[in-house]
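Two complexes, one shared chain (subunit A), two partners (subunit B, subunit C).
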Partner chain A sequence: MAVPRFWREIPNRYNLVGARCGNCNKVLFPPRYICPYCRRMGKLEPYRLKRRGKVLSYTVVHIAANGFEDQAPYLLAIIELEDGPRLTAQITDCNPDEIKIGDEVEMIFRRMGEESQDGVIYYGFKARRI
Partner chain B sequence: MDVGIVGYGVYIPWYRIRVEEIAKVWGDDPENIKRGLLVEEKSVPGPDEDTATIAVEAARNAVKQAGIDPQGIGAIYVGSESHPYAVKPTATIVAEAIEATPDLTAADYEFACKAGTAGIQTCMGAVEAGMIKYGMAIGSDTAQGAPGDPLEYTAAAGGCAFIVGKNGSETLATIEDTYSYTTDTPDFWRRDMRPYPKHGGRFTGKPAYFKHVLSAANGLLRKLQLTPQDFAYVVFHQPNGKFPMHAAEELGFSKEQVVPGLLAPKIGNTYSGSAMMGLAAVLDQAKPGERILMVSYGSGAGSDAFSIVVRDTIEKKRNATPKVLDYVNRKVNIDYAAYVKFRRLLVK
Partner chain C sequence: MRDVAVIGVGLTKFGELWDLSFRQIMMEAGARAIEDAEIDGKQIDAMYVGNMSSGQFIRQEHISSIVADHAGLVPVPSTRVEGACASGGLALRQAVIAVASGIHDIVVAAGIEKMTDVLTGQATGALATAADQEWEVFVGATFPGLYALMARRHMYEFGTTEQQMAMVAVKNHHNARFNTCAQYQTEITVENVLKSPLVTSPIKLLDCSPITDGAACVILAPAEKARKFTDIPILVAGTGQASDTISLHSRSSLTSLRATIEATRTAYKMAGVKPDDIDLVEVHDCFTIAEIIAIEDLGFCKKGEGGKVTEQGETAIGGRIPVNTSGGLKGKGHPVGATGIAQAVEIVQQLRGEAGKRQVDGAEVGLTHNVGGSGGTAVVHVLRRSD
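Let's turn to the complex of A and B:
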């Protein structure tokens, strides 16, 4: 990931800032410029999503993605947030055999990776069981 | 002074390693170490945690407990000896993650284990002078001792954030006054680009920790014309469980006054977070009207002493967020192998 792209997405990555349509009231994450439901009638405004949600589905990753080798085996889950949107996130601070579908989670602030040893550090959201 | 605490928040990582696990690796006698340090286990940061993420969790708890609009925070200071970057402030990351940007000033502080309380003093001055409405001071660390060094038994991770504001209906405790004692004492240091600190062994005790902690405490008591009997609780920096007990005894405080704020036996030395988190643990249980003495210590060396009086507001604020003991008890123990992996000590 390039530094400018990471920087542009800081509000989304740190604070779950998405968008809400003033016309249909739907909440979108990540934010968009046009409401997919209302098209030209949509009125999108920035909206900070609540950090609560629940696990819809999950998988245990044994063959880690680049930069995540030290965390394997780790949990990757589809989370449905209270505000509606679904997102994919790692579940942290949890033994892989203790997670269940339907578990309540909160979205927290963690290190997502780094460019290199002397590169920028990427922070963002992960889920933690409540 | 007419300033007080508007809210506070803490965070301790989930993982712990017991003294036995570390002693096994180096052939030490665990009972001897536990008795000598009064420490049973220490907190360990997860592989995706660092000083910034710990500071953010503590800061978010503080904002929630304070019940304030984070846009009212005019200053954020993060004290640490383990900032993730050598150049690039942790304070800006925290400010962004609590949505306090962009109308504020921010900086990182360094003074071994007392950089967080130096931040509290800066916030007190700026609030009192009317420069800012609220100031946030954070002590956060992911401390490391070299493998095999006695520090490895205690160097822990955790963080604590305090929001300072003008006295009023919002403040849960008044900060009556502060007093600092500072000298050039090389008891513990880390040179640039070096991963682990060096320390003066026994030299870290009498001429360093005790001289500064006792002088700062006595200086504040003299300034306020108070005695240990005027305080319900006393909290010291906790490099281990033993030093604060000795300091309390030396000053004429009882065991009952020091134990509620003593966290080192269960989580180790959280460095910049240590004294502040002890204060938070005391605030979690203190009654309105009670007075608390907190004395931090930073190697190099200096101590900041604070006299704090709890107000009625505490009753309705402190249940908004997890308590210190909730975090102390929420834990999983790991072995030395997992510890080495988490701390990125493996050579691949």
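Let's turn to the complex of A and C:
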């Protein structure tokens, strides 16, 4: 991923900053630039999401995505956050056999990968069971 | 709006076609369709070509020009259509709209993907670009991984089992044996599927459709002129298309594709049919769970019972609603851009009664269901025999 492309999303990826619509009060994450419910009537402002959520579904990825080979097998899940939005994230610090749908998690800051040996390091969020 | 009919179909062998290029397979499918329609290439007014990612697979964009050029049909207008794995279905829909509108008479809807000129990792990486790069792929999602998330949730909500998913693969491999164009010509067992290597739990290797080279082509004409070309015109009775969020996580349901439901509603309404009227379907079984979800969303069983009806044999040839008689994406192969067109080829051959050992007796109405990504795009066509 080109450095500017990663750099642009740093607040969202590091601090879980999404958006809240001042018109309908819905919280949106990943970030959007138009409220899908209010469209032009929407008034989006940055919103830092609460970090707790629960597991809606999960999979143990054995054949890794490109760039994630050294992490396989890893747990990938869809998490519903307390504020309402859902996101895709890895679940870390957990034995894959122990995870269940409905488990409570918190989002934490983690190293995701790197561009190359000398390149930029990507950070972002993973989930951890509470 | 004019009624539209299919007057010719053509398909290449699907598989790892090391000895054939993108250009060769496209011309082969096109020539077969033109011969089938008994037209001269010079009668063609326009072309729509479904292709997901020639840029990533063969480092060649602008394939619309290549197709017209190599067919010897310049200056006929040619347009590439892209909607990930639904590219073929979208090309068919654009061609239908072009004929229905009266702008063009004889229109080609083609689809092609040449996937094996890159290594497997590059191919799966290319396919993953149909998912959200920023918020799915960045965190480690793979394409099978997204369908695995749907499968796990489907198992949780409805009690669907890994055995039931495996039965989709077993059925589709069985059907593929009667299709000479299919990539796989071998029967598999439930045990084979369950013991195949884990890709991303609960999805195993034999739950996945393969990487495939292939091309497909159909030729459309206004229904009122179709009899000049064929004794058995197949009417495109309904077409529907819908969009959904690109990310799976943004959808309210993980066990249903809203784009499928909306596209189906539109297509059924246009055709004036309901699920009971459909004799057979080709659905988008990129993974076995996808077929189970599709037959539910298309209305062939209650939500959550897709696994059960598969287990009971209702989706086999000879069953209540035969699904993927061609072998589907799983058995026939999945050259992504060609798939939506190849589905239409199968339904046309079935409705004409030309499907040989996999023929569904007395089939008069068929349906195709083509999905892009994890469900961000869906396109559905209802085809009807009209003699």
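Methods note: the second predicted complex is superposed on the first by the 130 of 130 C-alpha atoms of A that agree within 3 Å, B and C clash if a C-alpha of one lies under 4 Å from a C-alpha of the other, contacts with A are read in each partner's own complex, and residues count from 1 in each chain.
Convention: a residue touches a chain if its C-beta (ideal position, glycine included) is under 8 Å from a C-beta of that chain, and two chains touch if they have at least 3 such contacts.
Please read these numbers as outputs of a predicted model, since none were measured by experiment.
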Partner chain(s) touched by A:Met1 [first = subunit B, second = subunit C, both, neither]: second
A:Asp97 in the overlay: touching subunit B, subunit C, both, or neither? Say first, second, both or neither. neither
One more residue to check, A:Asp118. First (subunit B), second (subunit C), both or neither? neither
Given the superposition on chain A, which partner contacts more residues in subunit A: subunit B or subunit C? C
Once the structures are superposed on A, label A:Asp70 by its partner contacts, choosing first (subunit B), second (subunit C), both or neither. first
Looking at the overlay, does A:Phe109 come into contact with subunit B only (first), subunit C only (second), both, or neither? first
After superposition on the shared chain, which partner residues are touched by A:Glu45: those of subunit B (first), subunit C (second), both, or neither? neither
State whether A:Asn15 touches subunit B only (first), subunit C only (second), both chains, or neither. first
If you lay the two complexes on top of each other, which residues of subunit A touch subunit B in one and subunit C in the other? 71, 90, 112, 126
Name, in rising order, each residue of subunit B that touches subunit A in their complex. 14, 46-50, 52-53, 56-57, 60, 84-85, 93, 96-97, 99, 332, 341-342, 344, 346
Quick one: which bits of subunit A touch subunit C in the complex? Just the residue numbers, please. 1, 9, 13, 30, 56-66, 68, 71, 74, 76-79, 86-90, 101, 112, 122, 124-126
Residue numbers on subunit A that touch subunit B, as the complex places them: 10, 14-15, 48, 70-71, 90, 92-93, 95, 108-112, 121, 123, 126
In the complex with subunit A, residue positions of subunit C that touch it: 121, 124-125, 128, 132-142, 144-145, 148-153, 156, 197-203, 247-250, 254
